[in-house]
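Two complexes are shown next, each including subunit A; its partner changes from subunit B in the first to subunit C in the second.
Up next is the complex of A and B:
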């Protein structure tokens, strides 16, 4: 096969085949096109404004490393006039995060950016190593995901920064779109396809902490993971690619694997899914708050959103296709037994209800009108608009009285093993009334032995 | 990894990165001498190289992290002398002496 020439400069040999349009490019043209497209995403969505201080959520992985490198390049080339700061979360995972943080520290030097590291231990009193010791490896990603989201906001607040950019790429967004479609979770579909999300300052209490109003955006939303990796490769960027020791091989049996298989068959599938997700999101009544107040594609994202693993960009921890199948089977059973109620299509006709802030629209989705007792099953969805308030414990934005992080923490703290058990400190009943029986029994056992 | 000087082998460089190196003794760069002909006497191509790597080089038994349905797992990029293998005929590309074949994973870390 004779080497092909670059489709743009028509002089150099092509090294890259672009997944989105099969364009063959040489290295310099690829680098330039990749950067220009990110620039276009930033300007067409008005992501930044002059003088803004922006924190880059940096894990040391490929996405955030490329994001930092590209943003530095663009900020200088197009004179955005923004100040970029690296913000890293230390989950406290030995042999994983401590190594990747070394990468971030090198990046900080390479890109000449200030770096702030916020640790789970200082924020929550627990490292992930301790959490896993307590809850086991199964389900620990939920803790990590919930803690992470708040941690980024709290880190940003510490820096006095109101905008955090993350390295979510097109593959990540396509995966989320698929998962939310399969789950039938339209409101979340709407929120997660949005390029800008914010924890709104719904509460206007004077003592409202600043971490409740931090904007999030994803400048790499339309960038293929493949191109991100190739960009890092051809620019010899220094990134960390070891897997989290608590969720290794998260891509197996996951929606991620499905996305990658689709890409192999038809590479444009990834962007097609992202665009379809956006189109569908527009039809979700009441889902896109932003369209009712200025339509900037900005939408509110409560902290409960990202339940999954944080370090892999909210990517799910694998095996979810199997659990989905199980759930679908359950739905079938429910249909046969006649437990389900259909929501008529008229109730989802969101064209008109989505535009106005029409309280009826929300009610329709809730199935208050247009109920039918027979017909094909559709899982009734509770899409009640979440009313944002503040967590009574920590003040973080939450739709519940107590935010999810505090709920998880409460569970952890209740069961915290007492490390130094001594006879003199033996007053567990008074101090820790909720201590569970196992721990209690253990203590007594230990005392007995001593 | 025998350094046979006979005409029946070609010397190439194979690289693993993006997390894939963990399957290959955590070693990024491997200088290999592979047979010039595959099992059926055809010139060795990338498909043969992938089989060869699985059988003779990989120490780890999690082969499915590298190969799926008899080809390189989707999400792993293959670069032949730095060019996307899709520009070179994918796994039909016939390997030449001195080639650099790079397996670059997009699947790990984040």
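Up next is the complex of A and C:
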């Protein structure tokens, strides 16, 4: 078989099979088409404006490194006129972040960008190592997850930057769509499909950005993870390749395994799920008005929102599926009992006897319209979720009076030992024990690639 | 007839039935140990509750309401038929008439699908359920329709059969040709189910039925939710999982929506009179082929939810309840519909181009021409049509 020619330039030999659509391309054409597509996403969504200072959430991993590289290239090529800054978070885990932070430091030099590293100790007064020492290894992931979600916003506020871009890619978004379907969380499904998210309480003065009005966007929203890896490889980018130390919680792990298999069966599936997610966001009752024009609008992003590696509750939530199952089953029993009572009483009236009472989906609440869930039993954690307000203590967007981070900090500070004990050597470990059957079944199913 | 096929989790050795508190429990249904009779009652109640609007007292004496029940010879549609058949007999005994009348329909896909049910099952079905009229049609008959609603006619956009002689291609040839032109197993099963739904809706209308009773159980609806999402058909979910009017102008009902797949399997094992001889079990079901070439998105989701159902049945049910909360946009006179699947396409967003994920400037000047009038999902399965 003669070597095939690049489908775009039709002169060079094709070396790359594009993961997204199996188009055969030469290396320069792949680089160029990848960049042009990101450029299209940025311009068609008006993500940036001239003179804007933008912080790139940089972890040293492939996604954020590719994001930094591509944004630098595009900013120069198309003269966006934006100022790019690398922003890294140091959780304060001895040994774990050292290598990736070194990578980010090299990236800063390579891309000639200012770098700001913000530590958990600065933001919260606690490093993760100190948290682990205090609460033990079990359950520390709750802290890391909650702290991490706020860290980028808080870090950006410290820098006086109002826009943070993250490396979330199409695989991440697709994963989140499936995960929220599995969890029965439509409001969150609808919010996380938007390319721009921001906290709505942005009333503070324009010259003093606080962490309550940080705009977040994901320029790589439509980019396949596999293409990001290819781009990094062919551009010889310097990134820190490591598996995340946090095994994903059950729903996310399950969704991730599904995505991998779906991609093998039909490569367009990832993009197709993203598209479905955007379309479904418009069908969510009382959902985002902003989504009515194609989900490119802004939408509110509460805490504990964006997933991606490491931001989940990790090991502590390995039984998440089991506990949700338990909760739902309890609700069903309660609804059944309530239903029986209702039938009995209404048949006494002779009216609408036996009328079906719809047991509402557990996670779904229409915050705005205030439609109450029927049935006697409800999951406690969902009731207040959609009423967004600000944390009374720190001002962060929160569904509760006090945000999760502040609650956790309060607990930590209460029990803070008088004097610090010796530094522990916390070595993160991978735990797979919690992976549920469904995830395993999906992972075991290794579909051959033709 | 014994419980030997039952999965271990639902076996309930030695416990007393929680409902009648008399008989020995036969299996555990959602944490409740039930005896045989109580389980049968449980299944019937779940189905009949969904049929409330078709009660005898709602039907006029002189006019019978007709409902179409498509039978695929799978456990689900046969269970639905079995339950409703007994329900109707009881109604008749009690009141001398029934709230509705069932029309059975089998769509024969044998020309384009290898593991389709054997045609003789239809005569067995007629023998066992003689009270209901039963029709069998070929899937290809969708190409035989004489009525030419030319504007919405999807057929002229499908790949044409190369004509060697003056003879126009037969309906079978057209169907076969269409299937062969599809790029993947996923596209073939996707298009086949779209055509099947279309044909069923058409026949239901011709027969004067006011609704279609689909056999999808909870597990199947959850599968469908994720599978359709993965096929880019998320926009059409309200019409695929929710009871009510469909874009075909006929009501879609899912009376098995509150029952799990494993519950239907258990029912089929113990139902009286038995109907297990009617069940068509496609060879190799439950086992996915190792090659992604032959695996479809539907296969993947089926396998996935069968495993979730084992330990997390309430999560499966919650997926369906959640999806059922999606609200179809209010229909408007200006609505445009997909030429193939007939689903409403909002803002004329036809085809796979011209949205954020396309990441290039759309070349189509007129949005309604993009994708040749196919929705996103159909355009994905029929790339050669959209490339025309």
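General remarks:
The rule we apply is simple: the second predicted complex is superposed on the first by the 292 of 450 C-alpha atoms of A that agree within 3 Å, B and C clash if a C-alpha of one lies under 4 Å from a C-alpha of the other, contacts with A are read in each partner's own complex, and residues count from 1 in each chain.
One rule holds for everything that comes next: a residue touches a chain if its C-beta (ideal position, glycine included) is under 8 Å from a C-beta of that chain, and two chains touch if they have at least 3 such contacts.
Remember, it's a predicted structure, so these values are computed and weren't measured experimentally.
The wider contact with subunit A, measured as residues touched, comes from C rather than the other of subunit B and subunit C. In the superposed model, A:264 lies in contact with both subunit B and subunit C. Looking at the shared chain after the overlay, A:284 reaches subunit C, while subunit B stays out of its contact range.
Contacts of A:17 after superposition on the shared chain: subunit B is touched, whereas subunit C is not.
When both complexes are overlaid on chain A, the residue A:240 reaches subunit B alone and has no touch with subunit C. Using the contact criterion defined above for the overlaid structures, shared-chain residue A:46 touches neither subunit B nor subunit C, since it reaches no partner. By the touch criterion stated above, A:4 is placed in contact with subunit B alone, subunit C being left untouched.
Legend: residue contacts after superposition of the two complexes on their common chain; A:178 is shown touching subunit C, with no touch to subunit B.
When the shared chain is aligned, subunit B comes close enough to touch A:59, but subunit C does not. The interface of subunit A with subunit B overlaps its interface with subunit C at residues 261, 264. Residues of subunit A that touch subunit B in their complex: 1, 3-4, 13-17, 24, 27, 59, 61-63, 100, 167, 225-226, 228-230, 233, 239-244, 249, 251-252, 256-257, 260-261, 263-264, 311-313, 315. Residue ranges of subunit A in contact with subunit C, taken from their complex: 36-38, 40-41, 44-45, 170, 177-178, 181-182, 184-186, 195, 221-222, 254, 258, 261-262, 264-266, 268-269, 271-280, 282-285, 294-296, 321-322, 324-325, 328-329, 331-333, 354-356, 359-364, 436-438, 441-442, 445-450. Taken together, the subunit B residues at the contact with subunit A in this complex read 17-19, 22, 62, 64-65, 73-75, 77, 79, 82-84, 86-89, 93, 104-110.
Per the touch definition, subunit C reaches subunit A in the complex via residues 30-31, 49, 52, 184, 186, 225-226, 228-235, 237-238, 288, 290-293, 295-297, 300, 303-304, 307-308, 310-315, 317-319, 321-329, 346, 355-357, 359-361, 376-377, 380.
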